[in-house]
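You will see chain A twice below: alongside chain B first, and alongside chain C after that.
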Partner chain A sequence: MDLVLQLLFTGIGIGAVYALVALGFVLIFRATNVVNFAQGEFSMVAAYLMVVCVEMGLPYWLSFVLALVGMALLGVIFNLGVYYPLRHRTYLPVIIATIGASILLANSVLAIYGPQPQVLQGWFETPGIQLGPVYLDSQYLLIIAVTIALVIFNYWFFEHTMLGKKLQATSQDKEMASLLGISVSTMIMITFIYSAVLGGLAGILVAPILFVSIQMGSTIALKAFAATIIGGFGDVAGAIIGGLALGVIETFGAAYVSVPYKDGFAFLVLVAFLVFRPQGIFGERVAEKA
Partner chain B sequence: MKLTRREFAAGIAAGLAAPTVVTSARAQSATIKIGMCAPVTGPAAESGGYAIKGAKLALEAVNKAGGILGKQAELIIEDDQTTNPGIVLAFSKLAAQTDIVAFLGSIRSTQVHAISPDVMKLGKPVMIGGTDPTLTHMGNQWLFRFRPNDSYSGRVIADYGVNVLGKKKWAVLHSTDAFGTAGGKALSSALEKLGAPSVLDQGYANQSQDFTPVVLAIKQSGADILGSYFTFENDLGIFARQLRQLGVNIPWVGSPSIVNITALKLAGPALYGTYGVADYAEESSEGSKAFGKAYRELAKVAPDNQSSWPYDAVTVLAAGINKAGTTDPVKVREAILSIKKFPGAEGEYNFDQNGDGLHGYNIVRNEKGTIVFDKHIEFND
Partner chain C sequence: MALLDIRDLVVRYGEIEALRGVSFSVEQGKVVTLLGANGAGKSTTLRAISGLAKPAAGEILFDGKSIAGLGPEAIVRLGISHVPEGRRVFPGLSVKENIMLGASNRRAPKRQLSDEADAMFDLFPDIRAFSNALGWTLSGGQLQMVAVARGLMAKPRLLLLDEPSLGLAPVIVQAVFRIISEIRRTTTVLLVEQNARMGLSVADYSYVLETGRIVLGGKPDELWGNEAIAAAYLGGHAKAG
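Then we have the complex of A and B:
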């Protein structure tokens, strides 16, 4: 039982990271109908921004705020530089542009900061607490708490604020939203900013566990992408549940079946969903007219 | 202008002869060129930077001492991206340059396996740092190893743990790539010979984000000592932290990556008190000390095996070519294989007919972040 509890905690912790990045995927997909393959790089850039700020001697909280502000700015630049010029094209050029942007971001950080992986201290002095037989890593606790807070925030924001409703309207039907006087381009800009901040938040939170490296974003993004499909592409709750499920499945799979094939479990589940329930857990079946 | 038949024929002849003339001119170029595949990007980019610095340091010394065959030596570097396809591409780019006389390959066995068929086809000497024992035992006569192979490291780890630390219940943890699998096998085999078969043999995939299931498996196995073969330092760092956080404090004897500069930086106190087999230990010989001093001045960081093996590779290669008196690959090969008692940064080189230059390891321990030399164990077989 102790083993199960320990694995469950770790699985939820790592799953929460996937969920945060998956949320960014979903929000952009809903707003633009394209998958942003640079979402993982948002996490990596934010972690490096955080390292730079901390190394400059700024307080941890201020570094955190500045890194997220930097990510908001990156969201604006990304929207204007990558999405906006291609907004009237089909989804394919936009997706390819996001892949290009992802490579550009990774190589830019490599050129500026060098290949050295960096250590970022966690938010708390205490690395974790022992609760009976289970060790609770303080950083994982923080990640889980932030994910729960974001679930509540997203619900409130999208369901109970005018801006949230405008964003939803834009994601559901851009033409109709436009006819109702909603500035679609502004809403998409806000979505990119929010997604960049979410991706950045995930990167900053996971950095003390996985270290800060150029590859950290792509590693997380691949799993987050799988989580998005499992949860149901385009569904906020699905992204959260998909991420958590993926984290738990791969942790238990590694413990009880095979450690070397840990990543295999995640993608086995992904393939199973694509075959048997392609719309994911929360997605709705889309039928085509004959 | 009208072209006569004679002028046309002369033009065609000149066109056909041009590549040969250019190739010949390049072959007789002013410098001796050595190709190097190094991870400039990818997960091992930091250690790749150290490797390049080590090679350049040796090149500078070689050139100061008169160069190779009276010419200055030059290093041509290609990024292997820390991947197998990356090194195959990098090596093919270098191999296409006919004036490159020899090459430095990778410290990663899996990458050396990837380029091995191309090395055989090319037929020029390639210096390697990969420690999978099979690399120099699979009929490829052009690979020369500048680190002791894992049949030695496995024996040293087992011997130290069993006979010096007195532990017999081993957990063996290794990457599932070529290096880790070979290392894990070598350690398990050595433990069996010492009458202490492992109670857990656990593989893991590179670039894992979480090692909780591995740590819990070690805890449940009842092991009283851990032996490891980690390929990437970030994996080692994550594992080391989780191992300590989950309360596993058994002695740990690791392969050389456990004392790498990157690993020490990432894992910090989680590696205090661990032991490692190290092909490079600064205090182990006069050659090691001299390299350490020069490298510190150049790189401003402590030396480790990432920089010491390319340093030795360039030094020994230069000595081999000078001894052969030519860049002819067959004669260079014979010259390198005849090198005995050659003092290098990693130790004393005595090449055997397989191309293995070193036959022993140092045992070191991590004393609060400082790597302290314990002893050197040399094998004669």
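Then we have the complex of A and C:
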């Protein structure tokens, strides 16, 4: 039982990272009808930005803020350079452009920083606290706390502000939104900035647990992509539940079955969903978009 | 001077010329209807006015100023609100949210928009009870009410209505047209209709479009008597409705 609780904690922690990246996937997908294959690279770039800032001797919190500001900028550049020129084309050229951008980002970081994985320390000095039978790692606690805060913020933003409503309207019918005077290009810009910051946040939070490497982006993105499918593609709640579920499943799989096959469990679940419930957990609600 | 003046408007979709030199005007305070069969270019005309379709040639003057080539976001800010074909109510947003978003062409605090949307239900009592229902759960008639209410939230000087009667039961069509006769007290309306009887019944002036050209224009009582329109558009009510 103790082990189960411990694994549950770890699983939710790592799942929260997938959930944040998945949320970025879903928001961009809803706004542009395109899967952004560079979403994982946002996490990787942010982690490197963090490493650079910390190595320069800046305080951890300031590095954190600077890295997120950098991600917001990257969101702007990404929108203007990758999405905007192709916005009147079909989804295919845009998807290919995001794959190209993903390769560009990964190799730019490789060229600047080299292939050596970097280590980023966690936010807290104390490694964690013992709560009864469960050891709560401080970094996992931070991840879970930030994710909870962001989910609440996300709900408030989309359900209780006019800007959130305009973003939803834009994602549901761009032409109608423009007829009402909503600036569609501004809404899409905001979406890219928000998604880049979300992805960056996930990268910064998970960096002390994993190594900071060129590959971390694609690993996280694949899991997050699986999470969005499990949750129901295009569904915000589904992305979060899917991410958490995936984190828990792979953690338990690693503990009880086989550690080397940890990533395999995530994709096994993905395949099972694709075969038996391709619309995902919250699949029906995607139909509302029609 | 007319509120809206359209001169020799040409719109092309690729090779196809949807409008081939359309000219007409809409006077302030009037209801003008564009009649015509499917594919005559009625919706294209409205799309060109609201900025969704780019004119290839011709002029669109609103209040004396050229608006041809401006984007839809700019045009709705000038005071032209377009309620397009198919209602286009946002399916994942509530009725009230849809209506509140109609004011996106002007700056106003959320509380004020909420009050204005509530006031809009006085004109549309049938949808008041569905204030919190999501768009996709509504019937066609309710959707039409929401779409018109949303269009009015822009406080337009000119309201463009595209086929409000399409696909609605006769009793609902009459309710919609009752609302149009309410709206005309405060707003100039350019109405596109396939249902010529309804279109003529509310109009001060009507034009008939045929394959991208205006072929006829006149006051409703003149058009009722015109044999050409009677034969082409009024004869088969079932077909026209």
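Convention: the second predicted complex is superposed on the first by the 284 of 290 C-alpha atoms of A that agree within 3 Å, B and C clash if a C-alpha of one lies under 4 Å from a C-alpha of the other, contacts with A are read in each partner's own complex, and residues count from 1 in each chain.
Assume contacts are C-beta pairs under 8 Å (C-beta built on N, C-alpha and C of every residue); 3 or more make two chains touch, one makes a residue touch a chain.
All figures in this text were calculated on a predicted structure; none of them were measured in a lab.
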item: Superposed partners chain B and chain C on chain A - clash or fit; value: fit
item: If touched residues of chain A are counted for chain B and for chain C, the larger one; value: B
item: First, second, both or neither for A:Ile182, with chain B first and chain C second; value: second
item: Chain B versus chain C as contact partner of A:Ala169, first or second or both or neither; value: second
item: Partner chain in contact with A:Gly57 - chain B first, chain C second, else both or neither; value: neither
item: Which superposed partner A:Pro117 touches (first chain B, second chain C, both, neither); value: first
item: Partner chain(s) touched by A:Phe211 [first = chain B, second = chain C, both, neither]; value: first
item: Chain C versus chain B - closest C-alpha approach in the superposed model, Å; value: 37
item: Residues of chain A at both interfaces, chain B in one complex, chain C in the other; value: none
item: Complex interface listing, chain B residues touching chain A; value: 40-43, 45-46, 48-49, 176, 202-205, 207-210, 212-214, 216-217, 220, 233-234, 237-238, 245-247, 262, 265-266, 268
item: Residues of chain A that touch chain B when the two form their complex; value: 3, 6-7, 10, 14, 107, 110, 114-117, 119, 127-128, 135, 137, 209-211, 213-215, 219-220, 251, 254-255, 259-263
item: Residue ranges of chain A in contact with chain C within the complex; value: 161-162, 165-166, 168-169, 172-173, 175-184, 288-290
item: Residue ranges of chain C in contact with chain A within the complex; value: 50, 52, 71-73, 76-77, 81-82, 84, 88, 90-93, 97, 100-102, 104-106, 110, 113, 134, 136, 150, 154
